[in-house]
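For clarity, chains are labelled A, B, C, D and E in written order, and residue numbers in each chain start from 1.
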Amino acid sequence: MRMTEATGIFFYNPINGIQDPIDYGELSAYIKKYPAVKNMFYYDDFPWNEENILAKIRSCGLERLIIAGSKPGIVKTLFAKVMAIEGKDPDKVILASFNEYGIRRKTDINRAKSVLACAIEGVPFEMAAMPDDLPVNPATLIIGAGIAGIQAAIEIANSNNLVYLVEKSGTIGGKMATFDKTFPTLDCAACILTPKMVEVNQHTHIKLMTCCEILEVAGDPGNFNVRILKRTRRVNVATCIGCGTCTEKCPAQAPSEFDAGTTMRKAIYIPFPQAVPNKYMIDAESCIYIKNGKCKACVKACPVPDCINLDEQDQEVTLQVGNIIVAAGYKVFDAKRMPQYGYGVFPNVLTSLEFERLLNASGPTGGNITFRSQDKKGNWIFSPDSEKPESLAIIHCIGSRDKNYNKFCSRVCCMYSLKFAHLILDKLPEARVYEYFIDMRSFGKGYEEFYERIKEEGVSIIRGKTAKVEEKNGKLQIRGEDILLSKIIENSVDMVILSVGLEPSEDTENLCRILKIPQSEGGWMEEANYNTDPTGTIKGGIMIAGTCQGPKDIPDTVAQGSAAAARVIRNILNGKVSKDIDTIPLEKIENRIHELSSIK
Amino acid sequence: MPSDLPIPKPKLKLAIYWGAACGGCCVSVLDTHEKLLDIVAAADLVFWPIAMDIKYKDVEAFPDKSIDVTLFNGAVRNSENKRMAQVLRSKSKILVAYGACAYMGGIPGLANFHNRDEIFKRVYDETESTVNPEKIRPQTEYTVKEGKLDIPEMFNDVYTLNQVVEVDYFIPGCPPQSERLLEVFTAIATGAQLPPKGSVVGANEKTNCDECKRKKTDNKVIKKFYRPWEIQDDKETCFLEQGVICMGPATRGGCGVRCVTGNSPCRGCYGPPAAASDPGAKMMSAIGTMIDADSPEEIDKIIGTIVDPAGLFYRFSLPSSILGRKIIL
Amino acid sequence: MSVRVQPELRNQLIQFGIGDWNACYHCGTCTAICPLSEEGFLFPRKKIRLMQMGLKDQLESSVEPWLCYYCGDCSKTCPRDANPGELMMSLRRYLTSKYDWTGLSKKFYTSEVWELAFILLFAALVVIAFLVILPSMGYHFTKELTADGGVKVNSFAPIHIVEIFDWTMAGVVATLLISNILRMYYQIIWKKSKTKVSLWVHIREFWLLIFNFAVQPKFSKCDDKRYWLSHWLLMSGYTIMFIVIVVYLPWFQTEKIYPVWHPQRLLGYYATIGLLFGLGVAIIGRLVRKDVKFQFSHVSDWLFVIMLTLTATTGILIHVFRINGMPVATFISYIAHMAVLVPMILIEVPFSKWSHLAYRPFAVYFAQLKKYAVPK
Amino acid sequence: MEEPRIGVYICWCGNNIAKMVDVEAVAAEVGNLPNVVLAKTYKYMCSDPGQDLIIKDIRGHHLNRVIVAACSPRIHELTFRNAVEKAGINPYLFEMANIREQDSWVHTDRSEATKKAIDLVNAAIHRVRFHEPLQKRSVTVDPATLVIGGGISGMVAALEIANAGKQVYLVEKTDRLGGHVARFDLTFPHLSSAKQMIHPIIQRVENHPNIDVFKQSVIRDVSGYIGNFKALVQNGQPEPLELKFGNIIAATGLKSFDPSKIEEYGYGKFPDVVTSMEFEEILASGKVLTKHGKEPRNIAIIHCVGSRSKVYHEYCSRTCCMVALKFVNQIRAGLPECNIFEIYADMRAYGKGCEEFYAESTHRQIIFLMFDQQEKLPVIRQAEKTDDCNMLIEMDEKLSGESIEVPVDMVVLMVNMEAHDDVKDVVHAIGVSLCGNQFFIEKHPKLDPVATTTGGVYIVGTCQGPKDIPDSVAQARAAAARILATIAQGSVAVEVTTAFVNEEFCCGCQTCIRVCPYTAISFKEDKKSSEVNEVLCKGCGTCGSACPSGAITSKHFTDRQILSEIEGIMSMSYKEI
Amino acid sequence: MNFRPTIVAFLCNWCAYTGADLAGTSRMRYAPNIRIIRVMCSGRIDPTFILTAFQQGADGVLICGCHPGDCHYQTGNYKCLRRFKLISKYIAQMGIEPERLKLEWISASEGKQFAELVNEMTKAILNVGPSKIKSTLEVKHLKS
């Protein structure tokens, strides 16, 4: 039966103080054809308050109210209240929430129309907007081989389906591989990650492609054609035995990416000892031969004939895949953007990623916390021979929760900062450690308990973020307000660690463009539905997982990696994949609404 | 158990000898009571110092392999024990290490926590009743009016019989249960198929717990160890579950769980089961598992309640254990 | 004893131009970045907190808003939209109205109509005085020039009468200000306070008052020293002018034209330049709105700047016209000058923005007293 | 056992090994040892010709044991196992000696390194003599899945699996699906309608041809192991239904903390103190009224009720902060003039879009007050007649340092989410353990958040710990992925190097039972013997060393093998080269 | 005589053995006296192994497992720790110097720590001198 109850539509167009870009005029013109719609009201028509809305209900004899807009929930309670006053069912206040269905742009008008039509007819949008299915190629492309990508790859490969795991850098493992301990259990990241990396390497259904970048994705869901740029390593992965003779002989140096620039590596190098694949690669930017045409020290040293080819060129390859999972990860906030904290000016102001390496037993100092010092060539590096700091300050929320930089919370900094405090005391029991925080977000399983534990360990945990770091008498001067004690604290410390927030990785924007998936506020990749489909996208056959969707910790990332894999495996098992939601013609949705409302 | 032993033709020749022993093993033979008559009916006792007057030289004069079965009890402590072990080995068809001492070193084996010098010092100098200002020590040779006396040399270490000569079978126990002896004897006497050489006979394959009537669960988590007198035994729960160390799970059955039936924890005189070579090590491993603590300090505290692990876990088996003795430099 | 949270206070505070203080989530950055915030006198965050919770008594007994010179660093680094600097500014308006016992201050701050009406009223009175009262008393405007070729100012603005008027006005303003300062003193040092300050401390620390009035050393601690300089130029110019006009009017308002290097002229020029420079910075700042401190301008801010500018320019005009022997122009500019100056002094000094010239140094003084307070 | 015929291969690894280890000397030294048929060196053993060499020798020399001394077994053990298998030898008759990572790369004295290599190879020779062939095993997987709990996590997991065409049994304790989410009015941070979200999911679950929904039902008598579970569904009928399934997803959710335990809050005493769950329903009804039917002029929301407390629950409930922010938005919409106080400790707006939602919400004239419940809890008391409000909350406000009282007419308590106490039996039966907070313990807190130590049993959603909807949904799908992968394979490989109990020696002391973290060992009363479920066993070997009777053998790491290895190491130690 | 000690080490597969491998891949240098035996979990290490190593002539025995809480098999390392404590008490009674038996937790990233540990232990063993266990036991047997 079609909906005939007298329905009033209320267009609620403001979103965060500004008007949203949906063309409500077009919407209102469109829904006139639905007989249930009695009246339409705009937000500007009259003040939306109890009396006015009550008056409208009475004068128009409305039985149902639909609030349509980007975020109509914000006024829902007012309407429920009015309905209750009028003795009507407050459940008949229906939301046509555009935001929920990714309707953000003017061009999304057709989807807005269908969402509204569904609300009018009382049909769930999810059931009305069912895209057609396409046959699916069982091979899957996973972009990014951090822990999310690794997890997804293993899940899918374990279902006996082929996975192309494409990684931009020379090794898999992502950011997690650089960590020392993981909060709150403090188990070592390498211990738990390296077996997974080895598993990826040995899995017969995973084709690992490092040093690769996505150039173009064409085709339809279920049958994507992906063009990939395979940057040359200049070392033959198949024959390299990973002996390291080349590195010994290489005369050129560059800051190590894996060690967050805290130490130097050679131009021919392996990102880190446990890298997968455990094969060497050449950094064209620092290689003397590539720059000057002379050197070849590595070629001469290599015991395997023809393993190193310095003149090798990048290649392009094309893959056919049915599903794509994007796990492009994050980058950390550039602390130089907040000059008040002195990063890049004072050598012993560190970012959390640098400190993570400093703490790491396999890092530049073997896990000793030492001052940054200059090597013979003047590079600022960490060396195990430097002095040890006696006092350290950790400043939370650098670049996060700040309208001047990133509004969002980076979700992991509180916990890793607490972890830092613990590890510092572990390694330097006499050290004084200060944490400056705003809100302590220890929300996960075992996190609050960890926070309590750190509090008892003698760390000065100070509510109140500091504003700047200055140098005075060779010490770093920090001024902050201890809010709970109503005091100004001026501490002079030896080392400052900036708990930098997370940002979408450099490639996120480009990938979104290539894959045609929208970005949320803050630049993260946008999920299909915030609540019910956090790993899907509006594009059929394209899933997102991990921190490219938003900041998250390791367990949540792993869960998303698996979750994205679930949809892929399901598609493969069914032999079909849905087309993009956008591809369904409005008429088709209308027909389906009609059909569904008739059944009822 | 058979009431009458069939008499083999010709009668078996049986020898019983004691090394470093308390005599309990010999008594265990007597403890067969009226069955002893059956034994005697089936076998001629050719050598048994406790019961018969026969000289070593007579034994040495026996032809080789003329004794069918020798039950050797007691550890090898001195040159006399050793010599007799070698003699009996050559004279016997079947040499049985009879009882815990011959089998594993037994209680005399605890002397391996010391060496000869320490023991002599204690015995000949330090014991409260000793007056020995010249610090005289036993001599292996001593000349008296009548001539030269050969006194057996006490070894530095206590040995199991097996560490001195090849042994065919082992009958464990301190002392072995007489019923078990009868079973073994019957088997030999009836000419039944004997187990492979080196086997432990007169005992079970499984450990004591198998026969133990006490209630056992998986609740073996221990916060404190008690010595038997420190706790009111409830007489029905597994000793380990009460925190009392019982060697039952690492000790061969066969004794009829006599100690535990008498409400005393097993101390392991029957030796290790077939699948475990060193019962002390196995038991320490198991006991370690049961300690209910994860922090080093707490573990230390709990282990502190095990007063003398070496003496406890190796009460009957020190000389046969992996380390065998205390290392004294 | 616990204090009651008063959300209603918001309705009062909001009239003083206070923005949305609820945006503050208490990160503490503002207090940390502020070089003036110190032990015992924490702001801006803590004051924002009092506003959020509507703790009226605590707010009114606060000395901290006066210790803030609005460099804007807090607002610049504020991670939310709280704008602490502006909140402190607004709080000063609120406090000014609270110190004022007449209630006029609140009227002026919260109602543009009231403020404009009073300005116009005083201006009208001045005009009437010059056009009606003084002539009726026999002081007429004359086109005659002095021997030097200057305008005879005393003819229409007789020095002794103007002086009496100046002194009266100064007296009124001083009475109002002093009574307000006493109220301020009561609020900050005495009311509901659990501590007391000895008389000796009062005397010992008095120099701070003078020193701060003269130099604003606190302001100079703000990171951007230019603001302090322009403010000091403005302030010193204004003070010189004020003293010269009120105390030494006979020496200043002369008909004789002194040489350029004469102290009378030099002082006048210095004061004028100082004023104009300071005003220029303020006006351009408020128009360009680049710096945080100038981004939010209350009506009272604009009125003050405009009136001071008008006063200064009319003053210059008087001077120029007078020495160049332009009687009519001098007459008109003199009236205009007085029509701006009088309402400015009478309204701005005791009731509005200009009152900070007294409240600030006193606040520093009171703050210092509080440091030496002992339990009662 | 046939006589061992051992082939030993020593890898040069280019110069990596050969530079520091005299590989030829090693080969010469071990070549004459008993059972060693041949000892060869080769430049790169892992290369294809290297592997072919082994294969050829196995065939040509009838080798039945192979040793490769090269890099770490973590790198190439699998490679060589595959190679020997190709030649027809059981892969477990292969052993590797690590003479690169643990020898040539870490030592500087060539003679010492060579001696060490000889020792290590000798150890491998000793060990490999006692190796036994082991068979790779797998169990078939029943494609049906049991989902316990019909909340959003359970339903999402069920749909994901059912939509892949596989059978799902969904068992729900109550008479309706939807769980907590169905009782919510709106969701944070986008304030979309929870009901509009959950209803289509319920509909799909109920109408799905591949999902059998059992409402008002409980599961009992679960038995079996991965791929092959069975259980009874009891739903009021006299005859319980037996189900067979290959995997289990526990999505049993959590329940609200009972705040009447906290005296200070007066829940139960003051009618206008309500819990967050009650307030959801109040908001949905449109009637935000006090018990006297009046519109409240002051509403306070108290966070962390029962959470982050040493007395009640130490953990954070993860969602309450955002729910509270949702509430204040809703209250503001319905009661524009109402004073809203939010009494919180740390605002945990960590989710995507949540900090932005927090920032946005601060503009709705909310008075945020901070408390420290470890110091002092706020106290709610009845107001006096003169107070113009219903109740007063006294508290120490931390951001101002003041002791304040807050006038309120209605108080919403953001109650903690705590574990159900009635699910423990079920989970214990399937071998899932509970953590100190009574949540189910995941297999690994980082890398395996949805699996448990019992193969085939998954935990999703809030039964693993409090979490919000997107995180629950992600977990539900994650479990579905794992299950779909095993179903797709049709079977799962189980650990080869498991432990097994020799019944002949087991005396039934039961020391081993608690040793196993995977509950793989059980005591069989009839046999008076322990038994290892080799499907559950992960092969750590801890039980093997715990058994006082020596009845448990850890395959491929038997006492005999390891003791021989020790002997092998030591047998050459005093030899000079 | 130039004393070359032999140390038998039992390393768990997941943390310690990987850590020892890392010492190799990172080309750390340590004393060549150690002989590593891989077990899946430190919980597998039976006192029998330790005692046998001593009996066979080892001058020291080193046990390495995952750090507490890190065990790949959840709790095996705790069981190892408890057994180690008990066996330590036992070997002390048996006259074996405490330096000869050592338990350390080594994670997969602690290659450096592993190298240092080996060097330290080697040094400690050099200080206590050769083990007399084997020679004592060798003279003990009378049979042959």
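As a convention for this text, contacts are C-beta pairs under 8 Å (C-beta built on N, C-alpha and C of every residue); 3 or more make two chains touch, one makes a residue touch a chain.
None of these values were measured; they are calculated from a predicted model.
Listing every chain that touches subunit C and subunit E alike gives A, D.
Farthest chain from subunit B, judged by C-alpha centroids: C.
Averaging C-alpha coordinates per chain and comparing to subunit D, the farthest chain turns out to be C.
Just count the C-beta contacts per chain pair and the biggest one is A-D. The most central chain, judged by the distance from its Cα centroid to the centroid of all protein Cα atoms shown, is D.
Spacing of subunit B relative to subunit D, judged by their CA centroids, is 51 angstrom.
Spacing of subunit A relative to subunit E, judged by their CA centroids, is 44 angstrom. For the pair subunit A and subunit D, the distance between mean C-alpha positions equals 23 Å. Across the assembly, subunit B contributes 277, 282, 285, 289 as residues in contact with two or more other chains. Within subunit E, contacts with two or more other chains are made by residues 18, 25, 27, 46-48, 52, 72, 79, 83. Multi-chain contact residues of subunit A (touching two or more other chains) are listed as 185, 187, 278, 401, 403, 439, 463, 483, 486. Of all possible chain pairings, those that touch are A-C, A-D, A-E, B-D, B-E, C-D, D-E. Per the touch definition, subunit D reaches subunit E in the complex via residues 72-74, 98, 100-103, 105-109, 112-113, 115-116, 119-120, 123, 453, 497, 515, 517, 538-542, 544-546, 554, 557, 559, 562-563, 565-567, 569-571, 573-574. Partner subunit A is touched in their complex by these residues of subunit C: 25-33, 37-39, 42, 45-46, 77, 79-81. The touching residues of subunit C, when paired with subunit D in their complex, are 1-5, 7, 10, 20, 22-26, 46, 49-50, 52-55, 58, 80-81. Contact residues on subunit E toward subunit B in their complex (touch as defined above): 46-48, 51-52, 54-55, 68, 78-79, 81-87, 89-91, 93-96, 132-133, 136-137, 140-143.
Contacts from subunit D toward subunit C in the complex involve residues 298, 339, 341, 347, 358-359, 362-370, 394, 397, 399-400, 402-407.
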